[in-house]
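Every chain is named by a letter (A, B and C) in the order it is written, and numbering of its residues begins at 1.
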Amino acid sequence: MSEIAFNRRTLLRSAGGAALLLGSGALAACGPGGGNNVNSVETNSKIVLPRYIPYTGVTPDFPATEAGIDPAFRNYPKQLARSVTEIPAKGGSLVGLSNIYLPAPPTPDANSWWAGLNKRLGADLNMQMVPAADYTQKFATTIAGNELPDMIQIPSTPNLPDLLAKRFARLDDHLSGDAIKDYPNLANIQSAQWKQTIFNGGIYGIPIPRSRVQFYSFIRQDLFEKYGVSPEPKGRDELLETAKALTDPKERRWAFGSWEHLRLYLLAQNEAPNGWHEEGGKLTNVYETEQYKQTINDIADFWKAGVVHPDSFSATLQPKALFNSGTIAINAVDGMTAWSQYVTDNASNPNFKLGVMPIYTRDGRSLAPWQLGSGMYSFTGLKKQDDPNKIKTILRVLNWLAAPFGTEEYTYAKFGQEGVDHTVSADGVLSLTKQGITNTTLPIRYLADAPITLYQPGRPGDADTQYTYQKKIMAKTIANPTVGLYSNTAATKNVGADKAMVDGVKEIIQGRKPMSSLDELIKKWRTDAGDAMRGEYEQQLQTAGTK
Amino acid sequence: MEKPNVLVQVLKSVALGVSVLLVIIPFWSIIATSLADRQTLDQSAGGMVLWPGDATLSAYASILSGGVVTRALIISIGITVAGTALSLAATAGLAYWLSRRGAFGAKPILLLVLGSLLFSPGLIPSYLLVKELNLLDSWWSLILPVLVNAFNVIVMRAFFQELPQELFDSAYIDGASSFTILTRIVLPVSKAVFAVIGLFYAVAYWNAFFNALLYIQSTDKWPMALVLRTFVVNQTTIAGDQVGASAEALPPQLQLQMAILVVSLIPILLVYPFLQRHFARGVMIGAVKG
Amino acid sequence: MAIDVEARPAVADLIGARGRRRTGQRFSRDKLLVVLGLPGAIVLILFHYVPLLGNIIAFQDFQPYTGITESPFIGLDNFRFLWNGDTSFLRALTNTLILTLIQTVFVFPVPLALALLLSSLAGERLKRLLQSILYLPHFLSWVIVVAIFQQMLGNAGMLNTFLVQNDLPSFHIIGVPELFMTLLTSQAIWKDAGWGTIIFLAAISQIDQEQYEASAVDGANAWQRLWYITLPSLKGIFILLLILRLGNSLSVGFEQIILQQGLVGLETSEVLDTWVYNKGIIGGDWGMSAAVGLVKSIVGILMVMGANKLAHKFGEQGVYQK
């Protein structure tokens, strides 16, 4: 197989398009079920993506952009638009399986919000909820048991294309191209996300969209002010100086917390590729670049300078808590949604001032290109059903759950009933009540969800701050060329190989191993998984190039 | 009685004193952290504290709100009580059989019991079995697969074997049956081992969450340990995949964890003294021998 | 004469029950025993041995969605780590054996010592109170134990904060590869030593009090009573537990280690359980995980058989009789 792939690549370079047809023919012949069952980009690129039709019922103060900047609202809309006109289902019950990060809510008999949701959906929605840390095991047993729930959150898993083909419904007839018009809230999800749900030449799920910005570099603005350092350190040297100024072990304060977050920050600063670098269909992994070595060198310098929390390598380190307490002044890279969490966590702390920091290139001359995220949390697969109408019903339900920010449906899904689950203040801020907090934790957002929106209750200025920051850092971006491709090695062997690599790097940073051993680690990673991944991705990329 | 050696007494007291302190200080810190107010916690750099400051019950309130935990508590107590009773009965019966030397079938069964300690079945086959037996989403799925623990059988059997032979001889002469010997003679002098094995089972049932996670599909049937796990996992795994909705800050994660710990420990702490009575004091075997 | 041999094993041995009595006779003699024991045996076989058949996936390229019946057999391919000279496997094996040795020598006897110490106390109330305190850490999950050690002894923990704030040199304990085994051992002792006393205390409580009374009359001192009465009475259960522990030689605190692996690197911290986790389980390699499990079981059986034989040589009962 690998030999064929190799031939195909050489042919491709020399003879172009004509050879490609031959090559992909040979490839398809390798697959077990012929054409349609093969997960090649050749077949995948034939599929017409669902058309992107942005929702216009609610107008944000700042619009979303194609490049991936999230729309922002200063205030919650006063007039709630309706995005769904009909009740999606006509009775019966539906079962969903997903992970959960919050305590499970009471069941509908003791939960007016859930009962109300069922009424709005027109069906009894039962959820099997699994603490996120245990999800893959539950998923594996559920798949093995072969009695699938109707809607399932699909995690990264071995042989995904094959698994999807065997157990899950193809949705292209319902969603491809203009067919998506039947589900306008799903049409509000961008192509970047839909692309990642395509396997075996078909659409196999509903993406759960997330921000492509994905990270912010959070800082404690109050500490920066206190020590008189600029919140925009330009380049590596200024960053280190800033970090030194902020660090004081006697006061139990360090500039950085998790070394992993620092690594991501410095990778961007060193303009490393976003995961992989692609040139003419050839891939180079970030590990194999000079920028990566430079980054490891830099972290080692920062570690030696003592500006990183001394327990940084501990698995029990809690960067968020350390940031809240001011033990670390910079949370170099944290999910952008943490903005809201930091604001609410510190509502009663008058000293706390949240800021965000851009990333400059190493020499400090310009802003570093921003490493784009995949923009997707996971996707929801639908169990194979005998009756296509059942699929339609489920899709209508998911369409309801994906209702965009500021609509009537979104408001109910996130905030419940006014006066019961939430209250509305004079200036239009929605606050969940105690009952609302408990009742609304049902993890429907992992079955279908609206695109991310920037909105901070009661702090209209935050919309401006976040949007400005996003616009600034996203001026230049780099994407990961392998997003939307599937590598079985990445889902299997690489998990362990990457861990071994990372563990070795940690030792280098702490000075227990020489910098020169990095090459050894990379070589090991390449033989264990890296080269195989590269092969799998390149094979798909080269066929994709001709789309 | 000889005079107690002073040096030995001092060494003993020091050794025990140090061990106890090594346990008490962290536990005190656990309780203090679970009660501490936000400011105190923040000052401790997100870590644990030795003094709660303006003590607050907010972490406990956050766990107990909504009635999910209360319901799960009742379920857990039910499963623990029923499970422990059934397990003890099954284990005692099996251990008694295996403890009688030369009893019919005892040898192969003993080897099977021992083997089950050494071979562990996989996740998926166990799941498929529970599914085939139609036990999914039933409370039996939390009891039957763990009803008999081979380690406990072997320990109990060893205790039965240590019982003095005269006990059985005298009973035999009185013409007692196996069952009578078990209930009238073995049980009364084996209170200690019953207390210990009972405690082992109870603790195992109380803390088990993984089988519930696999086998129980409806959240309203979740036992306490699984409910509490959702609190612990909360915020830990990913960079807060929860957007701008909640109006109220959750207690810091470490504090929640500590409060959960205290909540889940209390029932065991309540049971323990009752069991302890049975194994802290010597049994008057002589009295039984008569 | 209908001798109830079940209740009189000594007599049974004399007349050679196994040899002369026919199976049917033995059954009718012991049927009440069997009835009492069978429910437990059936449940154990059903829920343990039936799913054990699933270990056949050790010889398959198993995927949950194809199932056991459809996954292809691949011979011994999942066991290739045994002979392909994978250095990471050998390293994990070595670390496991070292750790098992350390834990058997330093962790395993602690509960016995503690139990003896506790039982030598005079006050019944004090004894119970101390015991209740000492067994508490058992109820903490490893995540919490690791976090507590981190909070107390970490580089930025309570101890080091105190030292740094008083201009004293800080004291690195956690995250130092040379101290890793020591750290694991102390954590294991802290967590489970108190809990482990329970079995021994129960065994001590079963010792016939008359023996103590008689020996006191004969003028034996505390040491002599310990040496000639208490310890011999505990020997059986101690050896039993030791043999069972040896059967699990190749399992050494998976959760405890995986949580702290990142601190010290794989060289020092990789053990068999973490190795198979990193190599197989997180990558969804079910077949190989099952293969490692089987190898561990076989080693465990050999250990138990060997240890049991050794016990017999020394005139002990062990786990099972010859």
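A few notes on this one:
Please note the rule applied: a contact is a pair of C-beta atoms (placed from the backbone, for glycine too) under 8 Å apart; a residue touches a chain by one contact, two chains touch by 3 or more.
Computed from a predicted structure; not experimentally measured.
Among the other chains, the CA centroid farthest from that of subunit B is the one of A. Ranked by number of C-beta pairs in contact, the top chain pair is B-C.
Averaged C-alpha coordinates give centres for subunit A and subunit B that are 39 Å from one another. With centres set at the average Cα position, the gap from subunit B to subunit C is 16 Å.
Shared interface positions of subunit A, i.e. residues touching 2 or more other chains, are given as 140-141, 144, 252, 327. In subunit B, the residues that reach two or more other chains under the touch definition are 45, 124, 128, 254.
Shared interface positions of subunit C, defined as residues touching 2 or more other chains, are 64, 143, 147, 156-157. On the subunit A side of its complex with subunit B, the touching residues are 100-107, 109-110, 126-134, 137-138, 140-141, 144-145, 147, 210, 252, 318, 320-322, 324-327, 334-335, 337-338, 340-341, 344-349, 377, 414-415, 422, 430-432, 434-435, 437-440, 452-453, 455-457.
Interface of subunit C with subunit B (complex): residues 4-10, 12-13, 17-18, 23, 26-27, 29-34, 36-41, 43-55, 57, 64, 68, 114, 117-118, 120-121, 124, 127-128, 130-140, 143-144, 147-148, 151-152, 156-158, 190, 193-194, 198-199, 201-210, 216, 221-222, 233, 236-237, 240-241, 244, 247-248, 286, 289-290, 293-294, 297, 300-301, 304, 317, 319-321.
Touching subunit A in their complex are the following residues of subunit C: 63-67, 88, 143, 146-147, 150, 154-157, 160-161, 164-165, 174-175, 177, 259-263, 265-267, 278-280, 282-285. Across the complex, subunit C is touched by residues 1-2, 4, 12, 15-16, 19-20, 22-24, 26-27, 29-30, 45, 47-48, 89-91, 93-98, 100-105, 107, 109-122, 124-126, 128-129, 144-148, 150-151, 153-155, 158-159, 161-165, 168-169, 171-172, 176-179, 181-182, 189-190, 192-193, 195-196, 199, 203, 207, 232, 254, 257, 261, 264-265, 268-269, 272-273, 276, 278-286 of subunit B.
Note for the complex: subunit A touches subunit C at residues 136, 140-141, 143-144, 146, 157-159, 162-163, 166-167, 249-250, 252, 309-311, 313-316, 327, 491-496, 499-500, 502-504, 506-507, 510, 512-513.
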